[in-house]
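Quick one: the structure is below, questions incoming.
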Amino acid sequence: MAITAQDIQDAMKRVAAGFRTNGDYLTELDQAVGDGDLGITTSKIADALDSYADQTAGDDLGKYLAAGGMAVNKVASSTMGTLLASGLMSAGKVVRGKEVLEPSDLATMLQAAFEGLQARGKASLGDKTILDAMHPSVEAISQAVQTTETLATAGQKLVDAAKAGRDAVTPLRNRVGRASWVGERTEGSVDPGCEAWVIIASSLADIG
Amino acid sequence: MKKLLNKPEDFVPEMLEGLFLAHPDQLSYEEEIYSVVRTDAPVQGKVGLATGGGSGHLPVFLGYVGKGMLDGCAVGDVFNSPSADQMLNVTKRINGGKGVVYIYGNYGGDVMNFDMSAEMADLEDIPVRTVLVKDDVASAPADEADRRRGVVGMVFAFKIAGAKADAGGSLDEVADVTEKALANTRSMGVALSPCIVPRVGKPGFTLGDGEMEIGMGIHGEPGIKREPLQTADEVSTRMLTAILDDLNVAAGERVAVMINGLGATPPEELYVLYRNVHKHLADKDISVHRAYVGEYATSMEMAGASLTIFKLDDELTELLDAPAHTPFFTQV
Amino acid sequence: MKKLLNKPEDFVPEMLEGLFLAHPDQLSYEEEIYSVVRTDAPVQGKVGLATGGGSGHLPVFLGYVGKGMLDGCAVGDVFNSPSADQMLNVTKRINGGKGVVYIYGNYGGDVMNFDMSAEMADLEDIPVRTVLVKDDVASAPADEADRRRGVVGMVFAFKIAGAKADAGGSLDEVADVTEKALANTRSMGVALSPCIVPRVGKPGFTLGDGEMEIGMGIHGEPGIKREPLQTADEVSTRMLTAILDDLNVAAGERVAVMINGLGATPPEELYVLYRNVHKHLADKDISVHRAYVGEYATSMEMAGASLTIFKLDDELTELLDAPAHTPFFTQV
Amino acid sequence: MAITAQDIQDAMKRVAAGFRTNGDYLTELDQAVGDGDLGITTSKIADALDSYADQTAGDDLGKYLAAGGMAVNKVASSTMGTLLASGLMSAGKVVRGKEVLEPSDLATMLQAAFEGLQARGKASLGDKTILDAMHPSVEAISQAVQTTETLATAGQKLVDAAKAGRDAVTPLRNRVGRASWVGERTEGSVDPGCEAWVIIASSLADIG
């Protein structure tokens, strides 16, 4: 069951739609612990993804994805925009040259994306950032793909693990980024970046 | 709190257009209006100085582009980092052959984008040094000073870097003296009312009638503590104490003082704050070499103020005293 | 809208004390702190220039005391005229042997007190000429222009008078060219929110969420009309139209433009307004010789802005371009 | 029935008390058509009158009154403070040299005060200023004094005429001063200066 350019583009559009639906909620979360711009950022990312998904993918899906990252950074250069751009670039790099992808590529790409985010943002697990929702969720899909479950089941695990990761750090204090300045008052607040990853995971999970 | 706007999404580009129309002999741009440079860029044989960051803080950032201060600035949307791409445009345009120093506030998005830009500049053989501004003592304790955010203290960094670059300093000399200036600079602020991001259209937080937020940054992000509003003397004494707990200034030393208004607070109130700070410093036998009282880094219409203390030695004094002339900062 | 204050009744004296402490090499006083003079007053052989008025408008009035502009200023309580006595103190101290020009806004209290002061100065053989600022087109129709109030246009009058006095002009020459400048100057403003006089402690009026007040002055006194809030382009076009209906500027002529913030309105919004004004002027083939965008005459924390157009001829252009250096206004 | 320095000083204290009691109302009236500072001004005048009334009057009541005007101007230099200061100075001038006053002097002094205000402010009757309350009230007391009525009756007439004068111009538009810029919106509003005169007249009327 090969994954085509069209599938990738559909996934981009689903993430865009997910960001649009949940933009106000992300803004609210970011107002509580940050500067309240996350909904704006995700709506810009949504615009970039939508119009990028309309461009011809060519025969190198890796290159297509990496260039998509640059397009995202250009319009959405706040923390989240830049992190997700770095993630897209890294995900693209590991599938460089491929015209179609295997389900196992998805796990590799998500793993690479995670590493890309980590390298760019230099945060550690437990700092209460998007990484804390992303990490268990990427682990879950890697396992699911190894045990050759259906993509639907794998997708469900991706989402469940993301939510669990998000909830696990909610009681903690933010340790990096703008929210870290708010100190103890962030304890108990959902991290906006974690929530953004839950939205991405849920949108991606529609795949297949 | 109401705004004079057209479409919220046009706010930043229209603001920029207004700036270019108002200051045609000082400001120009590279590729697109979000990459602002001096009209005389690149200044050959001078280290180029770039900054960047979100909009909504005028005069920070681009208001300090001009003679004696910066060469260029990447401009983001309100409270949002500009992109690596814009920063690279600025970097290429202002490089006068001696490399470029990036001086900007310690915010995640900005750091990541400036880092990306520096990596790309390196590929084009433009040496870049980065000096991060982390002057806000309220944003993290002293043992985690690297997490602190950069606020209005960056204006002193721009001034010192600009003077050193004008004096013919090398890339490292300029970056080093700017780091020294920042090691001597601490700020702290208090907010009395929130501000409104045009695209969001409502305040990012609310403050009760008799409340103030201690240690609030310049982006409307919550501060460290919310308390009943105190008098001008109490607030300024408190900011000064927090700063002097962190920055060792001995009797007999001299400093520059900045009282910065966040937006809505009138200059009259800033001078009332300054009065108390000056008296406390005099009591400690610390002399004020220069006082800067006004709006130097704002959060649109936020009410509130911050205090910055910049400890001077002979080298820094001379650089601080050098003339400068930008759209928002003229010193003779 | 909250304030950083100590006791409300100490607001003005503490503000003044802060100003003297912050600008010791520029500002001094005569007899009591409410009579502010340049440190180098009297400047011998130069016509002395005095202004005065209520507090709460910084940089107006005393912010323009300094080289190239004014010699002295009588400072009143918030929005209140200073006394004749204070004005006389200033007059005597700044008279460098060529007499003194009074330049101030057309407000009843100020006129009466400056008139009293001029009568007393006359008894002491100091010749005084009075130039009243009446630039606000919204405050009375053209056929009753003598009733108009003086707002931020006075800054251009200070600048022109200062340059002419520096150039060695006689009392009449200075007063005459200042009158010519004012005959070429018109302003109009719009307010989006009220301000609070510290001693009163509450806003002098209220404006609904979607409302603006057209033609409001700088004292919180009601304007001529209350209307739904319009866009920046609509508001600025409207102010420009009202001004150009009153001041004849032909195609090919040149002007100075000032967009003045009343207090809380951020500089970003002022540049959005400037953009539209500049474009309209360009459409009419009117060129902008200098643009002044910022806070030049405020009403404490009031939100809003005003537009001033100053039509230039060669003489006025040269005087406008002369350098000046005061605590709030430096031009090189 | 002679009027002594003590009577004058008592009257100053009564005016001060009247201004204190009615300061908030004057502020409200001034907020509607002006800059809302009239209550502050009258409270400053009250302070000045109170402390001036405690100083020894000496043997020249005229000089004493005129110097009182200067003391008022020094602390209260807004329109109303300056006008009332001019009024006191003018009233003092016409009784220069007298150690005690006759009832008829009161009418002369009020007439002189009115002229002093008019000369300083250059307003005309009908412009809706303090002059419009003051003029009929000064006329009334002049007549009352000529017909040798009791001071109590004369005082009542002073007050009644002040109120009538104030009410007569309320429907009009303010033609001078700050309120004139408000234009037609001043129609129907009580002029703050007229009200101030009603307060002064009522406080003075306690005399005798």
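Per-chain numbering from 1; labels A, B, C and D assigned in written order.
Note that a residue touches a chain if its C-beta (ideal position, glycine included) is under 8 Å from a C-beta of that chain, and two chains touch if they have at least 3 such contacts.
Note that the structure is predicted; figures quoted are calculated from it, not measured.
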Query raised in the report: Suppose subunit C were not there; which sets of chains would still be joined by touching?
Result: A, B | D
Query raised in the report: So which chain is the furthest away from subunit C, centre to centre on CA atoms?
Result: A
Query raised in the report: Rounded to the nearest whole Å, what is the centre-to-centre distance of subunit B and subunit D, using the mean of the C-alpha atoms as each centre?
Result: 55
Query raised in the report: For subunit A and subunit D, what's the span in angstrom between their mean Cα positions?
Result: 76
Requested in this report: Give, as an integer number of Å, the spacing between the C-alpha centres of subunit C and subunit B.
Outcome: 29
Query raised in the report: Which integer distance in Å separates the CA centroid of subunit A from that of subunit B?
Result: 32
Query raised in the report: Where in subunit B do residues touch two or more other chains at once?
Result: none
**Report entry** Category of the chain touch graph - line, ring, star, complete, other
**Finding:** line
Query raised in the report: Can you name every pair of chains that touch?
Result: A-B, B-C, C-D
Report summary line: Residue set of subunit B touching subunit A in the complex reads 76-86, 107-109, 112-113, 115-116, 136, 138-140, 147, 149, 197, 199-200, 204-205, 215, 217, 219-224
Requested in this report: Could you pull out which subunit A residues touch subunit B in their complex?
Outcome: 27, 31-37, 39-41, 70, 73-75, 77-83, 86, 120-121, 176-183, 185
Query raised in the report: Taking the complex as given, what residues does subunit B use to touch subunit C?
Result: 1-6, 11-12, 14-19, 21-23, 55-56, 58-59, 63, 192-193, 209-210, 212, 229, 231-233, 235, 263-275, 278-279, 288, 291, 293-295, 298, 300-301, 303, 305, 323, 325, 328, 330-332
